[in-house]
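Just below is one structure, and these are the notes that go with it.
In order of appearance the chains are A, B, C, D and E, and numbering begins at 1 in each one.
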Amino acid sequence: MTTPPAVTWREMWRITLSLAVTCVIAGSVLGLCFTLTEPTIQSHHLEEEARMVRQLLDLDATASIVQVRRYVEEGTSPRVGYLLPDGYHRYDLEGRPVDATARPETLATASVADLDQWIALTFPGTHAVGRFFAGYHADGALAGYVTEASQYGFKSHIRFFVALTPALAIRGVEVIAHEEDPGLGAEMTKPFFKHQFAGRSRESLARLAVTKDPLPSARRAVVVAREGIPYAAWQAAYGAALGALDRQPIYAVTGATISSRALTDGVKQAVAHLHHRLQVVHMTAIGGAHVPFGSACGYFLVHPASLGPRTRSSPLTPQRAKPLEPPPQRRCAAGPWGPTEVSDE
Amino acid sequence: MSRSGAVIDAHHLEVTLVGPGLPSVADLRLTTTGDPDIPLEIAEVLFAPEKTNTVIVTTATTLDTKGSYQLFHQATGQWYAIAPSLIGIVISLLLAAALVQNFVFTRYLGLCVFFGVSRKRDTAIGMGVTFTIVGFCSGLLAWVLDRYVLRPLSLHFLEIIVFIGVVACLVQMTDTIMKKLHRTLHKKFGIYVVLITTNCIILAVPLLNAMNASGFWESLALALGSGLGFALALFLMSCARERADLAPVPLIFRGLPIAFILAGLFALAFLGFSGLQV
Amino acid sequence: MSNAPATAPRQMPAPPTRTLLWRGFFAENPVFRLALSLCPAVAVTNSVKNGLMMGGAVLAVQVLSSMTVALTRAGIHDKVRIPIYTIIIAVWVSVIDMLCAAVAPVVYAEIGLYIKLIVAFAIIISRLEVFASKYSLIPSTMDGVGMGLGFTFAMVLIGALREVLGNGSVWGIPLVDAQPFLLLILPAGGFFTIGLLMAAMNWIDVRRGNPLSTGGGCH
Amino acid sequence: MTDPLPPRLVLSPGPHLRAEMTTQQIMWWVSGALAPVYLWAVAIYGLRVIVLLVSGIGGAVAGEWLVNRLRSQAQTLSDGSAVLTGLLLVGTISPGLPAWMPAVGGFLGLVCAKMLFGGLGYNIFNPALVGRAIMMATFPVAMTTTWLTPRLGAFMGTDAVTQASPLGIMKLEGLAKATEILGMGPEYYWHLLVGLRVGSVGEVSVVLMLLGAGVLLWKRIIKWYIPLSVLAGLLLIALCSGIPLFHLLTGGLWFGAFFMATDYVTAPMMPKGQIIFGLGIGVLTGVIRIWGGYPEGICYAILMVNAVTPALNHWFRPRRPHWEGAPS
Amino acid sequence: MWRRQRPRGAPRTFLRGGVHMDDRKAATAVLPIERFVPGRVVMPLSQHLGAPARATVKRKAVVTRGDCIGETGPDGAPIHASVSGTVKRVALLPHPTAVEGEAVEIEVDPSIQEPQWEERYGWQHLPRALIVERVQAAGIVGLGGAAFPTHRKLRIPPEITIDTVIINGAECEPYLTSDHRVMLETPAEVLWGAVIMAQAVGAWQVVIGLETNKDDAAQRLREAAQQCQCHWPVHIALCETRYPQGSEKQLIEALVGRAVPPGKLPMHVGVVVQNVATAVACYHAVRYERPLLDRVITVTGGGIVTPKNLSVPIGTLVDDIVAACGGMHKRTAKVIAGGPMMGRALGRLDLPVIKGTGGLLFLRTDEVRPDCYGPCISCGKCLDVCPLGLEPNQISVYTEAGRALETESYGVQSCFECGCCSYVCPAQRPLVQFIQIAKSAFQRGTALGIAVRPGAGCHD
């Protein structure tokens, strides 16, 4: 081993300098690039989610989508919180409202991450655990809900969206991410399986079973027809064929009964949970006034106007910050249950 | 709320209560950790045989054996956490990273070094050992940097440059320290330390941790599991390749092509681990 | 038609541009021949689209890093050239990573991790060390382009094979309704495909009467 | 008749005698030991078993022939190993499989696992099992759903696809429900023993497999180390499941333990290595069955432990007597 | 842990490896030794390990049986005329172990009377040095096949103490029965030979080891031991019939339970091993000062018409023996000098029987193993049978791949080429030859690749 030639001070200085300069340049290049690309990346992300929700709910470009985020506050008396368009609402575990905090003006254009941070700082021990979306037509009418859920499948968690009508009948199911085997569990993303859920009412889900029998061809035709056409059109065309739907089982993907069951269980549970939670957040009291869910129109996930590239938009960001004023009751009766149905009355 | 119980199977869980006495079904409220607002249906509560203060709760709904649950005893106002033990989780993550999701055979990472070093058993063992140690250290160091520097300062766009920096510094440091402390060790393992920089696994571990926002134990398990999985793959492959070297392999398959076929067969065998829930 | 201007102090005459551009395809293909940068070759090539995207990313990083190094080589201190190369690559990888995320989010979701991992590819730093640090801008760029194209070629080739046979589709469009040969989109299939393609390259070599090199791997 | 000087004396080096058993004979003995098992399969699943056998063996033979042809070297089919590979492959697949699939599996298994490595003796993985693993990856649905109800004397038989194999039911429904479906009484275990159950072609009759294994043990073609340690390894894990006897009698365990794991080329050579090899197979089989993704794990277990065989051969070497102090 | 334990009462044997094989001795075991004297003999001058002897006779010289015709240095064994007659020529003639070597051809002259050898006075109580001297003068070499000059084995360095002389009557090679017949017919000579050698090396006990298939010989030896009153502790021990029971180291292990390390000689563990025929020769040399002249050989195998045990003068040609045994079958493919395991195939029949030749084996086409072989299938049978715990399979595979120099750790150097591995190999691989190639590669320092011959055609 030869000893390397000694480094002179002068040389060391040069080395340090050149490394430092490189690092500084590198940092600034990256920072610049990040600043330039970040909005686009973010908007792409949102756009993708919005596209999916919009497609699931057959919404047009003028519709708006609201994201409701759910939080859990741990501690001796745990709280469940919902970030609603008008602010952060806390409930106890039985669904009784505890308090509500209006969103500060400074956070009017904040991103999801910022809002999460705000909530975590305001209410220590709180973290986000889930979310769902509500879609509104341009005229403010509730188009339906999309809830996100996940269930352990054959190899890993299957993450999926369930789209529901305002009456909580299933419009469609879309698997977002999964790691099932190709040719087996992965087949559940195909129309012939995922559309078997479409058209079922919430009440019928409790009795929904999975069978290993092959999918009858008549049923298959009806199911596959759901792909690519709006829910309403599908129902109009196949309404008659759908008559006995509530007694129809889910026909499992051949050879992938475990994945099929997992997704079915997941959908059942997701709908049941959404039902439970809608009952809670449906009655929102701020300043003593009941704000029926779905009536607020400020906090859009994506507003049509915000979708241009290179604009900074965040999920809960309105284009114009709206004050927390009791909004007018607009066709909110679209929900299937009225205040009288809430259990703790 | 410390852990005080475990899920036994899909319909049973075991909880050690603070006080004596058998709580009634109505007195208990069982929820999953993520959904504390939605209680799960409890069918029956019984004392566990031969254990004091421990009850077995039978549920109507199906439980996830790897999930975590909360039990609230309304009479005493006591919360109980039911979750897999930390060691269990770490072992399970470790096995998952080493076998089920083996970095080489299912995530196809570190292949350059894998094919380059697996020709001889001795070099494979040397590389495996060195990589496991250095990878473990760099994984933890990168996690600390990510959690306490990059994340709070929103500098995640620097993660690539920071992680490669961490790896490079660690490799340099290991090399220098080894050279100073143990000459023979350096002679034996020095060459592998230098090679580590070009192994993408060592970079993929912190990137995956950052991407999934993993906690400390998860990162630790991933860092260690990836190293062990790589070492295992390297060792098995080197044994097989030493044997294949003696075989009259068709001329056009000599060398790398047969190594790839071999890796394919290994990947095929490792399919057996798929879906494994430890 | 050599483009190498004899300006730099320790300059050797650069190979002709044609050689620089073509050798990455066959003679020095970074995947099949040099066996460098193998991870993405298996990991992201279950479809042509992913392969092309990955190839493009590597091409861009290679060319940009080669250009950067060729331009700044006078200023890079010899003792710290490897760390500086690493930083340069890391910067370009990060930039490309962000651009990909911005431009093609769907594909990026699948191969994002591997784009980040380009920073650990031996091929890029070895081209910088072997070529760009010794030659001027234009040959270095051409060398980068050649290597990048060779890599892209390999990725598209593997991707096409695996997608057509394993998934029954091209560019995501289903070809026939028959059940595809699923093995090829599994990890094992990726290894098999590359092994067979390497053997095919060797076969062509043998047919041409070239001596067979069984080497490879990065050292 | 005598002749003072024969035309040509052979001048080969010693030893000039050899033991009776040749490679070829070993292959045919193993194939012969499998005969009762396949006859039973024909009896309960009908003539389709023969079609599958022809297909599987044809695929394997074609693979060996083709590679030898392409390499322009002498054909090696007469050593019988390709036929045995095809035979073993068909033993591990479900009887209702479309007839062309075993041909694909046999061909690819033989080419990828054996011929590319230089043919018999140089393979690292068991070619039949590689063929099965390839089929499992390529035709997952057909491989897991085409079970047939065993029915004695069903020659052209009704091809009713029935419920899953016992292990499939166990995996899918869980212990409690599976016990209810299968009705695990003494009669059920008797059926498992004689082979009146749903299963792969070669794996159903434990009794007949024992018969074949007995022949191989008697001819000293196999030793007991591997099969017994496979069974012991599985028992170790199966005890955790609460139904060790069920796990012991069902699935491809016996077929794997006696006919697959004992494959000379891919198993270790020394007893200690063989015992570890067998225990590894048994334990992994149990782990995959109980905690893994597949109902039956012996195929993958053997493949995985095959990967360790070169290392086991390296670690466990024959004991060299009187070595200490001797000049080398 | 896995070591085989010998059940109580079972015959002794060595610890590991070995093959049980059909001994095929039935055809000749019952045939008494016949005397056969040919019309001419060819006495090669190289019949022992070491430098060949120098001829002391010229053409046309008349020699009497027992005359010394080849002289050697102190380490060699002199050659004596085995018949009386005229020297026809002294020339390079075909040699059974080398290709050819210098030899003396003698034409028998029946008119010359055979000399008588008188008993020497005090032969039972000779000093050690004198015994060795007489043995050397008689030109005795190891008759088991190794042909190592016996006097060198008996000349023990002063620092070494020998306690046991083992007489090797195992005759573990199939077919051969010459030692068996010698023990049956002249048990007293065997015993006295053994005792003389024990005197020569200062041993205090004699063990005669036989395989269980020769228990009649053991019985005869026991009877003889009671009758001859040699006053020496002589044990007659039966060993398991298991090849290579007759190998020196294996026999020592079986009989006295001592292990000879590789590279060492039996004398290093206090033992001297001698063959039965050697013992008889020593007896003659010491009692009568009669040189080694005759050799008992077994002529057998499916290729010979009348198998026989023959006592022939050394130098008798195979041709003549074939004629004496009724000729050869047409389908005879192989003629082997020695046993079928370690013997050497002969390419021609005009070769002489030399001191080390224990038998002539004529094998038909259907009895010989084919010349082609298949690839190793890792069955591990060769590991089971190797008495030394070597790994012939690995050695062969490495040698085949041209990497013989990497086989050191598999034990190439300590192999004594008993052939068990080749015998059991189902792929019929010539493992012994691979080991020989590997050994020579170590001597040369380079390894050569060997073309792999897949088993094609072997099975047809």
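Here, a contact is a pair of C-beta atoms (placed from the backbone, for glycine too) under 8 Å apart; a residue touches a chain by one contact, two chains touch by 3 or more.
Keep in mind that what you see is a predicted model, and the values were worked out from it rather than measured.
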Required steps from chain C to chain E (each step between touching chains, minimum): 2
From chain A, the most remote chain by mean C-alpha position: E
Which of D-E and A-C has more C-beta pairs touching across its chains: D-E
Label of the chain whose CA centroid is most distant from the centroid of chain C: E
Chain closest to the middle, measuring from C-alpha centroids that were averaged per chain: D
Separation of mean Cα positions, chain C and chain B [Å, integer]: 30
Approximate Å spacing (C-alpha centroids) for the pair chain A, chain B: 29
Gap in Å, rounded to a whole number, between the CA centres of chain E and chain B: 66
Approximate Å spacing (C-alpha centroids) for the pair chain C, chain D: 43
Residues of chain E whose C-beta touches two or more other chains: none
Residues of chain A touching at least two other chains: 26, 30, 33-34, 38, 154-155, 181, 183
Sites on chain D at which at least two other chains make contact: 112, 118-119, 122, 134, 137-140, 293
Interchain contacts, given as pairs of chains that touch: A-B, A-C, A-D, B-C, B-D, B-E, C-D, D-E
In the complex, chain A residues that touch chain B: 26-27, 30-31, 33-34, 38, 72, 74, 76, 78, 80, 91, 93, 95, 129-130, 152, 154-155, 181, 265, 272-273, 276-277, 280
Chain C - residues contacting chain D, complex: 179, 181-183, 186, 188-189, 192
Of all residues in chain B, those that touch chain D in their complex: 10, 121, 235-236, 239-240, 242-244, 246-250, 253, 258, 261-262, 264-266, 268-278
Touching residues (chain side chain D, partner chain C) in the complex: 112, 134, 137-140
Residues on chain A engaged by chain D in the complex (per definition of touch): 154-155, 181, 183-184, 254-255, 257-258
